[in-house]
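There are two complexes below, and they share subunit A, which is joined by subunit B in the first and by subunit C in the second.
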Partner chain A sequence: MTTSQQPIVSARNLTKDFTLGGSLFEKTTMRALNAVSFDLFPGEALAIVGESGSGKSTGARILSQVHDATSGEVTYRGKPLHDWIRQGGKRGFASQVQMIFQDPFGSLNPVHRIFYQIARPLQIHGKLKDRQALTQRVHELLETVGLSPAAETAQKFPYELSGGQRQRVAIARALAVEPDVILADEPISMLDVSIRLGILNLMMDLKDQHGIAFMYITHDIATARYFAERTAVMYVGHMVEWGNSDAVTQTPQHPYTQLLLAAVPQPGAQKSRDMTQYQHKADIPMWQPDSKGCPFAERCPHAREICKEQLPGVTQIAEDHFVRCYLYEPDGTT
Partner chain B sequence: MVRAIDNVNLNIKAGETLGLAGESGCGKSTLAFSISRLHKAPALISAGEIRYRGRDVLSMSPRTLRQFRWNEVSVVFQSAMNSLNPVITIGEQIIDVIQAHRKVKTKEAWRQGETLLQTVGLHASRMESFPHQLSGGMRQRVVIAIALALRPRLIIMDEPTTALDVVVEREIMDELYQLKDEFGFSILFISHDLSLMGEIADRIGIMYAGKLVELGAASEVFEQPQHPYTQGLLNSFPTIHGPRERLNGIPGQPLNLLDTPEGCYFQARCEKCFAPCLTDDPALSTLSPTHQAACHALAERNTG
Partner chain C sequence: MTDYSATSPSDTTPPSRPPRWRRMRNLAAFFQGNLSATIGGGIMALVIVACLAGPWFTAHAPDERVARPHVEPSAEHFLGTTRQGRDVFSQLLYGGRASLAVAFLAGAISTVISILVGISAGYFGGRVDQWLNFVMNVVLVFPQLPLLIVLAAFLGQVGPIVIALLIGITSWPWGARVVRSQTMALRNKEFILAAECMGESRLRIVLVGILPNLISIVAGSFVGVVMYALINEAGLEFLGLGDPTVVTWGTMLYWAQSSAALYTGGWWEMIVPAVAIAVVGGAMALINISIDQISNPKLKTGPHIRRWRKLNQIIQAKRLRGAS
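So, the complex of A and B:
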């Protein structure tokens, strides 16, 4: 695929700790991300799949500089993120990496017309000053995201649009500054089922025609396979399996990926799948800096002593398919 | 005024799971509320009737209604996770339901509550917990336990697992089916997730803009969907297996009920739209003893 290309974003050993409540002397630290590494290539989508609390959004928030990483490094076009920010400021960086959020009802300012929402980033980033060019560009962006007639839509307020149309406005706003990377955090999960596909197809066109790299964060592994070339499965702050989307979804290796895929409803498969081998009610653990072993060990039907002691290393299954599990380590047989 | 449900006819048989699917605003929750008369003013049922085992629900006195609710029909709400009172324990909330309907001593009700929690796979000691001490999935189990408390014959579930992760959803659905086998209740299952519905429902009804557009056995609706809206919905879910190809979903936007057209409500988004669709509201036509759909294109095919 595009592996010969240089990655546009790379993360290496990204770790993020959050300090949780407790008293002055007794604070708990939660590790939301633990040694996560991934690459994002131009014109390609990487899906990050996981349940709530798996840390899938934290990675995107570090890339967009909402959070700072506790340790590890992110490079953009081969240069560390901090260098970019020192040179161009956060704003300069933001014109290259944009976000789309889950809730289109919360992410647009309700008191401004659609024109304003899209013109704002153009003005802030100093892309266009002249009013006529601005209007033209806003209309152009609205057409790109399929909101025509653009002149009419531009004069509307957010409340006059449906959820799907609002999400299209949010995408147009992200596109306004001509970013190279778009981080889409559950962009379709709050939309009606009949319009979800329209948004996914729009993002697919942007990816293919404009060469924008997408990081697609989702809990829905079926849409991950539909939209993204590569998929990474996360569990409790760890990337447990990643690679080519078809490889990950068709030949899942990690027991957690297998569980996740078995849980996806499939019409016709009548209520009979055997899920009892997984430790059902075992709570999803909270990862702390001093936790050890594999995060899935408590629920895993194949867990052995070593799984509770040490985090498994990375094993390459195929050319673009990796897993973190002792089952596949060459010397870890039986 | 908005007509949220328009001339919908449905039966639920004993021990059956009827799935009701559609987009937000299509009236599926309004229908659920109406069955147990939970709708509040300004909502009103302007025409029609609801019969439960031969009894007319709409004419019940407040007293009979109180007997009817929860004893016979219970509801698991959409945001079930948040429908628990945050400041009292799980136990108090369960015995409150039991004692409101049955004359039992607190000690006995508490014991029943413990058994209920165990039936839904929670430890009896959770009676002492407050809702915030439980995870989303556990809270959902508590709400199901409360719905089961009085052994109703019908449980209405309005998007019971939408807010949950897929693995937790699976666990809860599996448990629910074990309980259904054990107690033999009927379920009206409301969801937008057609895939889940295809797995659990015996029959499926599809609603669009307040109307029932298709109703049939789950296998019929999935394998031979007849209404263009159903076909579009089924073509909106990417699959895990099968070929990776571009799907098209349904063009356009959901209908605004404040601005409804003449004729079929789906006309603006329908590829098969032709002259009668713009003027006449299609009626349900029978396709098999169990399968009906409301579309002019079908009626046309049947008659000529």
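So, the complex of A and C:
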């Protein structure tokens, strides 16, 4: 893989706690991310796979400065995020990292024309001064994401576009500032199945042609393998398995990854796989700072005593394939 | 805003009309498909024009004795005269100026305060929200009309501008609450998050990102306050708390009451300002109902549905005719 390259974004032991309501004197704290570390390389996609509430969006929102990390560090081009903010302000950092949101109907301001939505980032970051160049650039961006005729689209309001078209506008808006990293938070999960591939292919082109690094957040492990070079599987705020996408999806090691893959419907198979061992065993736990053990222990068919006591360490399965499970620890039998 | 010189060759559509023209057309289209807006807007336009152009319609001054007391409506005095022998029609026109000015001024004051307070509370949240919410609740629990009466009585017989100020600064919390809750809902929308990620300034997010989305609510509460102010102003003046030397629809009612117009057969002196207030209030309500459709594009389907229904009716009628 691209181990020779320097990672553009690197997260180390990222932890994020959210304080929930609770009563006046007793506040409940939820740990949305627990000691998460990952690297993102230029021109590469890292897929973060997990179910709802697994903390995958929280990670992206820390990178995009919506949330602050409780502990841990994020570096961008080798420099801590906070240094970037101190030097260039949020606005300066925003020109490097952009986000694409899940809901294409909520991510565009309904009262402004498409032209405005794409021209704004260009104006904020002072990319183009005069009107003519601005118009031309907006139209170029719309053509890039496959929305032509661009001049006509630019004059439309968001409600006049379909979900897929709106997601293309959102991508064009993210592209406008010429970012190095795009955080795509479930960009296709709310689109019709028939247009998902189009959006994925568009992002693939951007990745290959513009060298943009993508953090692709999804719950669909099949598209993760299609789109991303590397995949990390998350469960309740923990990274349970990560590495090369092919390795993770072809030879899944962690029971949760196996569950995710077994859940992908296969054409032709007649309800062949036995999912019962995973189902109805327990609810998804809410992770708290004092929770212990493996988060998946409650649902895991292979769970042992130690799984409920202590978080398993990291085991390297292959050159670029890691798992956090006692099944694979050399002395995991203790 | 639009520059079509940079269109790509693949673009076959001719350049559109200038946007200002388009906006006018949108406005026309809005009235065309919307009966309540047309009626409400029409009445308001008529009333405002009539009041502003008052001197052209009547030769009489509103506060001068021009005839005998309680002359019945005639060609000389369309709406008769008051007990003091003043022309009711010219009082109606000139009084409308003051009444409407008070109503709109109060509406403007109230709307500005409610936008400022509501958006700040909703967008910034936290401690700012707590304090503003506290102030809102305090003003909200004041019983408004009694408070106005007490304030007006305390200040003596107050002129229209003071009444507008009083109504304006006591009637904003309802609007502010609605603006606040809507801002809170918008605040977590992804397009606001996207603007923040983009590095947009907070002021611009509030003014250009959030405020235009609130237009229907703001306009609705503005019209509501205007209506409320019109009625309350009349109420205060009817009770004799306003300055009776200024001609407004409220003082017209006051004079009609104090000169016992109804008992002495001069019903027109009482009915005319009362009907004027009711008609303008009704027109405001009609505008209020239809205002949502200006800023909420999703509601613009109205005429299409109507057209579709009409088509359905025609088809059904044809089918019936074919069957019989």
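Simple rule for what comes next: the second predicted complex is superposed on the first by the 329 of 334 C-alpha atoms of A that agree within 3 Å, B and C clash if a C-alpha of one lies under 4 Å from a C-alpha of the other, contacts with A are read in each partner's own complex, and residues count from 1 in each chain.
Convention: a residue touches a chain if its C-beta (ideal position, glycine included) is under 8 Å from a C-beta of that chain, and two chains touch if they have at least 3 such contacts.
Bear in mind the structure is a predicted one, so any value in this text is a computation, not a measurement.
Peer 1: Taking subunit A as the common reference for superposition, should the pair subunit B and subunit C be classed as clashing or as fitting?
Peer 2: Result for subunit B and subunit C: fit.
Peer 1: Just to be sure I read the superposition right, which of the two partners does A:246 touch: subunit B = first, subunit C = second, or both, or neither?
Peer 2: first
Peer 1: So, A:226: does it touch subunit B (first), subunit C (second), both, or neither?
Peer 2: The answer is first: A:226 touches subunit B but not subunit C.
Peer 1: Contacts for A:267 in the overlay, against subunit B (first) and subunit C (second): which applies, first, second, both or neither?
Peer 2: In the superposition, A:267 touches subunit B alone.
Peer 1: Is A:305 contacted by the first partner subunit B, the second partner subunit C, both or neither?
Peer 2: Neither: A:305 stays clear of subunit B and subunit C.
Peer 1: If we overlay the two complexes on their shared chain A, which of subunit B and subunit C does A:290 touch? Say first, second, both or neither.
Peer 2: Neither: A:290 stays clear of subunit B and subunit C.
Peer 1: Angle at subunit A, subunit B to subunit C, CA centres, as a multiple of 10°?
Peer 2: Once the structures are overlaid on A, subunit A sees subunit B and subunit C at 70 degrees.
Peer 1: Could you look at A:135 and tell me whether it touches subunit B, subunit C, both or neither (first, second, both, neither)?
Peer 2: second
Peer 1: Touch check for A:98: first (subunit B), second (subunit C), both, or neither?
Peer 2: Touch status of A:98: second partner only.
Peer 1: Applying the touch criterion given at the start, work out whether A:125 contacts subunit B, subunit C, both or neither, answering first, second, both or neither.
Peer 2: Touch status of A:125: second partner only.
Peer 1: Minimum C-alpha distance between subunit B and subunit C after superposition, to be given in whole Å.
Peer 2: So the smallest C-alpha gap separating subunit B from subunit C comes to 5 Å.
Peer 1: Which residues of subunit A are in contact with subunit B in one complex and with subunit C in the other?
Peer 2: No residue of subunit A touches both subunit B and subunit C.
Peer 1: Can you name the residues of subunit C that touch subunit A in the complex?
Peer 2: Contact set of subunit C toward subunit A: 1-8, 10-13, 16, 189-191, 193-200, 208-209, 212-213, 215, 295, 297-298.
Peer 1: Considering the complex alone, what residue numbers of subunit A touch subunit B?
Peer 2: 51-52, 162, 164-165, 192-198, 200-201, 204, 219-223, 225-226, 246, 249-250, 259-271, 275, 280-281, 283-284
Peer 1: Which bits of subunit A are touching subunit C when the two form their complex?
Peer 2: Touch list, subunit A to subunit C: 64-66, 89-95, 98-99, 101-103, 106-112, 115, 120-121, 124-125, 131-132, 135-136, 139, 143, 148-152, 155, 157, 159, 170, 173, 177.
Peer 1: Which positions of subunit B touch subunit A when the two form their complex?
Peer 2: Residues 23-24, 121, 135-136, 165-171, 173-174, 177, 192-200, 218-219, 222, 232-233, 235-241, 244, 246-251, 253-254.
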